[in-house]
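Take a look at the structures listed below.
Here come two complexes built around chain A, the first alongside chain B, the second alongside chain C.
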Partner chain A sequence: MIPQLIVNGIIAGSIYALVALGFTVIYRTVKFFHFAHGVVYTAGAYLAYTVAREQLSDVSGQVSIFVWIFAVFVGVVGAGALGVVINKLVYYPLRQRKASNLIFLLASFGVFIFIQNLIALIYGNQILTLRTGPIKEGHHFLGAVITDIQILILVVSGLLLVILWLFIQRTKLGKAMRAVSDDPIAASVVGINPEKTILASFVIGSVLAGAAGILISLETNIEPTMGFSVLLKGIIASIIGGIGSIPGAMFGGFFLGLAENLGIWKISAGWKDSIAFAILIIFLLVRPRGILGTK
Partner chain B sequence: MEYLLHILVISGIYIILTLSLNLIVGYTGLPTLGHAAFSCIGAYVSSLLALNFGVSPWIGLIIGACAGALLGVVIGYPSLRLKGDYLALTTFGLGVIVYSIAKNWVSVTRGPMGLPGIPQFSVFGVQLSEIWLYLILVGVFVWVTIFVMRRIVNSPFGRILRSIREDEIASEAMGKDTAKHKLLVFIIGAFFAAIAGSLYAHYITFIDPSSFTVMESITILLMVIFGGMGSITGSIVGATILVVFPELLRFLGMPSSIAAQTRQMIYGLLLIVLMIKRPQGIMGRYRFK
Partner chain C sequence: MTDNQLQITNNQLPMTLLQVQDLTVYYGMVQALNNISLVVNEGEIVALIGPNGAGKSTALKAICGLLKATEGEIKTGDVTFRGKSIKNVPPHDLVKKGISLVPEGRRVFPTMTVLENLEMGFYTQFSVDSSQLSDRLNKVFDLFPVLKQRRKQRAGTLSSGEQQMLAIGRALMLKPKLLLLDEPSLGLSPNYVEDVFEKIKEINKNGTTVLLVEQNARMALEYADRGYVFKIGEIALEDTGKNLLGNDEVRRSFLGE
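What follows is the complex of A and B.
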């Protein structure tokens, strides 16, 4: 039982870490809670589904690898584009008006509600799936069962985490993003365009969210409300890891995934969200800077 | 006609919810995203008392309101330590926790199956099963709420609340016990919201957790902001418009499944537009800092 819960925790944690990272990349440059991040995740999954749908309805159930690649490409690029559109249409006017953090937060809630219901209106409320073919038995590994898809989730999210880390640390744009995060005024003095950097952070963050959405929809089903719970987990993971810290977001994601899944060892699975929020509230009251946060 | 009266009853319940949230959010400036938790506890406590112990809805309403006030202390406590978006997130989280208790504590609340057959209010032995009679009852409660809220915000107590909203440190420097006032404001707000929840439960005679989701909390907050932050008239107008307007969609011949989503989309869009164009709302004086 315990090894299985740990494996489940790590897999859930890798998805949370991806969402938390995307959220953190955006948070570092704009410094407010981008709730609409969750709906970008949902949109990524639905866009990939739309491309693969024709093939999925086929009885043979075999989707060619090219269709898969195209579906993933559309999902990821679409998610990135959605992030850019939200930034342009909602956050940019708010920045012009020097709105407070809470106003940003509520506006992003509005975006979340709007797009989630738009998706529900287009695709309906029923549960859809991206899975194809017969369900294969997983591999047995140290007393736990792990499926091919779960291994794929782990490998891809691990790769994305490493790529993002290298990008932030090594590239010029990554450095610009760190500079804007530390001190936007000083950054603009040395010639970094803050708007361009914010745009870049929305692209990267939203692409990560879209990728996470597609990955999870290979494992479970997709439905219009899927982004809500995952977004909350991503935000909680970022806060308990230390808000704005990239290693913190990764760490927080895995920590939360494990805590939740080990928590349901004794109590029923319906309490997962409550466990996550209880952890958040304890952290906010006792150690608001999180595990790896600095101040 | 029946339908019109029903809309008025629902508007009345939302007016109580909006006014009670406005006291916390609009007058004291404490961002709260878990208001549905208070109406949830009010509704469940008085329904369970009536169903399991045959307690009269009147007594249930009062006990439910006291339970709500107690929850107000719990949800209000973080406001002593946290500010701004962190406070919003924490109250949001507490809202999710209360919702999932209602959903998962199946042995008591019957979870998603809900509680059917909740008894209705009766006055002097007359059961208020006619809608227009119930409308009068809700009207009385709305009037009492408006009266109490007016008295609160125009009193010295209300001035302290506004001073906390405008500048908490200055308020403390003037010797005001801001912690006590913040908790009190949560207790009062929660008390009235629980009454609204109880009124709802004994009117519909069925409740399930889906009536008390976080989306519900955001809808109530939207009513506060739309009408006007820190304006009693604004809250009445905001709640009424946002309850009545989506009903018009039905008259456009929209099927109910699509109408629900369209209503949510309108709410989302309205929230975005308000935040960009007029964050203090129609009649408001205060915007989130």
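What follows is the complex of A and C.
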């Protein structure tokens, strides 16, 4: 039982970590909670679904690998583009007007609700599925069962986490993003254009959200409201990891996934969300700066 | 024009590097600067002094494009650098023109190491070959040996004096023509203040023109070639540093004599 809960926890954690990471990358440059991040995740899954849909109706249920690659490409690029559009159409004009953080928060909620309803309008409120083919039995591994899809989720999210870490630490743009996060005025004094850096953070953060949305849709069903609970988990993971910290977001994601899944060992699965929020409250009371946060 | 002729012109009259003309600035409905004009010539150290709220910092912000960040607005007038208007040009574009700013409160990148901070100063020229980077780094380390010792340390852990050195070093990474310093002595212990001004003098001798805003009027005027005294949004006095130090009104108002 325990090994299975750990495997489930790590898989859930890898999705939380991806969402938390995208959320954090954006938070670091704009310094407000971009709630609409959750709906970018949903959009990524729906875009991939749209591409694969034609093939899904096929009786055999087999979707060619090329269609999959194209579906993933459209989902990820579309999510990145959506992040850019939200930034350009909503946040950029607000920044020009020196809006307060409360205004950004409300605007972000508005965008979330608008796009979620747009998706419901186009695709309907019912559950859809991207999963295809016969259900294969998983691999037995140290007393746990793990499916091919779950291995894929782990490998892809692990790769994305490593790539992002190297990007932030090593590349010119990554360093610029750290500089803007440290001090936007100092960053502009050394020649960094803050708007360009914010744009880059929206692209990267949204691509991560889209990738997470596609990965989870291989494992479970998709519906227009799927983004909300994942967004909350991503935010909780960011906070317990230390808001604004990139390793913190990764760590917080896995921590939360494991805690939720191990927590239901003794209590019923219906309490999963309560466990997440209980952990959040404990952290806010005892260690508000999070595990790896500073100050 | 041949080099020879250029030399003669240079010798005859000082080259105007930066010119502020009839500048009026508002913060919302509040007027912060009323029709001020000032000039910085090539090779000079120019100090803007005056009491708090007199507008000297606003003048610097207007020059370096940071007014917008504080919701200020240039109503009339112009700022030119080498004859071209730089009014409302944001700081990240000014760097490319050869103007570097050491902002008030130093503003180093606290989570980055000293070396990374200096490399960030080189940001706009990141793509050039690394020999140029190490060349610039060595020049900065020659000027501030303490930064070399601490190059692997996080900037946030430096003392405020060392942070000021780092902020100046970072600004020098791009070999600016004009170095702007906003309150370089603010929050520094007295022995560091003199250190910082000595370094500014040295930087100036190496060919960088300096414009600084400073609370510590005595120190600023001792080191400056010329100074402007600000009073309620206007320039009340303009003279050489030496003359201003001897001026009765300046002595009474700013030097506490």
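Operating definition for what follows: the second predicted complex is superposed on the first by the 295 of 295 C-alpha atoms of A that agree within 3 Å, B and C clash if a C-alpha of one lies under 4 Å from a C-alpha of the other, contacts with A are read in each partner's own complex, and residues count from 1 in each chain.
Please note the rule applied: contacts are C-beta pairs under 8 Å (C-beta built on N, C-alpha and C of every residue); 3 or more make two chains touch, one makes a residue touch a chain.
In this text, all values refer to a predicted model and were calculated from it rather than measured experimentally.
K.L.:
Should A:194 be classified as contacting the first partner (chain B), the second (chain C), both, or neither?
P.N.:
second
K.L.:
For the three-chain arrangement built by superposition, which of chain B and chain C touches the greater number of chain A residues?
P.N.:
Looking at chain A, the partner in contact with more of its residues is B.
K.L.:
Counting only touches as set out at the top, which of chain B and chain C does A:186 meet: first, second, both, neither?
P.N.:
Only chain C; A:186 stays clear of chain B.
K.L.:
Output check: A:33 vs chain B and chain C. Expected answer is one of first, second, both, neither. What do you get?
P.N.:
A:33 sits against chain B, while chain C stays out of touch.
K.L.:
Would you sort A:118 into first (chain B), second (chain C), both or neither based on which partner it touches?
P.N.:
In the superposition, A:118 contacts chain B only.
K.L.:
Please work out whether A:178 is in contact with chain B alone, chain C alone, both, or neither, and reply first, second, both or neither.
P.N.:
It touches chain C, and chain B stays clear.
K.L.:
Using the superposition on chain A described above, determine whether A:129 touches chain B (first), chain C (second), both, or neither.
P.N.:
neither
K.L.:
Show me the chain A residues, by the header's touch rule, that chain B contacts in one structure and chain C contacts in the other.
P.N.:
none
K.L.:
Would you mind writing out the residues of chain A in touch with chain B in their complex?
P.N.:
Chain A residues touching chain B: 32-33, 90, 93-94, 97, 99-107, 109-118, 120-121, 125, 232, 235, 239, 268, 270-271, 273-274, 277-278, 280-281, 284-285, 288.
K.L.:
Spell out the part of chain B that touches chain A in their complex, as residue ranges.
P.N.:
Answer in residue numbers: 31, 78, 81-82, 84-86, 88-90, 93-94, 96-97, 100-101, 103-104, 215, 218, 221, 225, 257-258, 261-262, 264-265, 267-272, 275-276, 279, 287-289.
K.L.:
Within their complex, state which residues of chain A touch chain C.
P.N.:
Interface residues on chain A, with respect to chain C: 98, 172, 175-176, 178-179, 182-183, 185-194, 294.
K.L.:
Which stretch or stretches of chain C touch chain A in the complex?
P.N.:
66, 69, 71, 90-92, 95-96, 100-101, 103, 107-112, 116, 119-121, 123-124, 126, 170-171, 173-174
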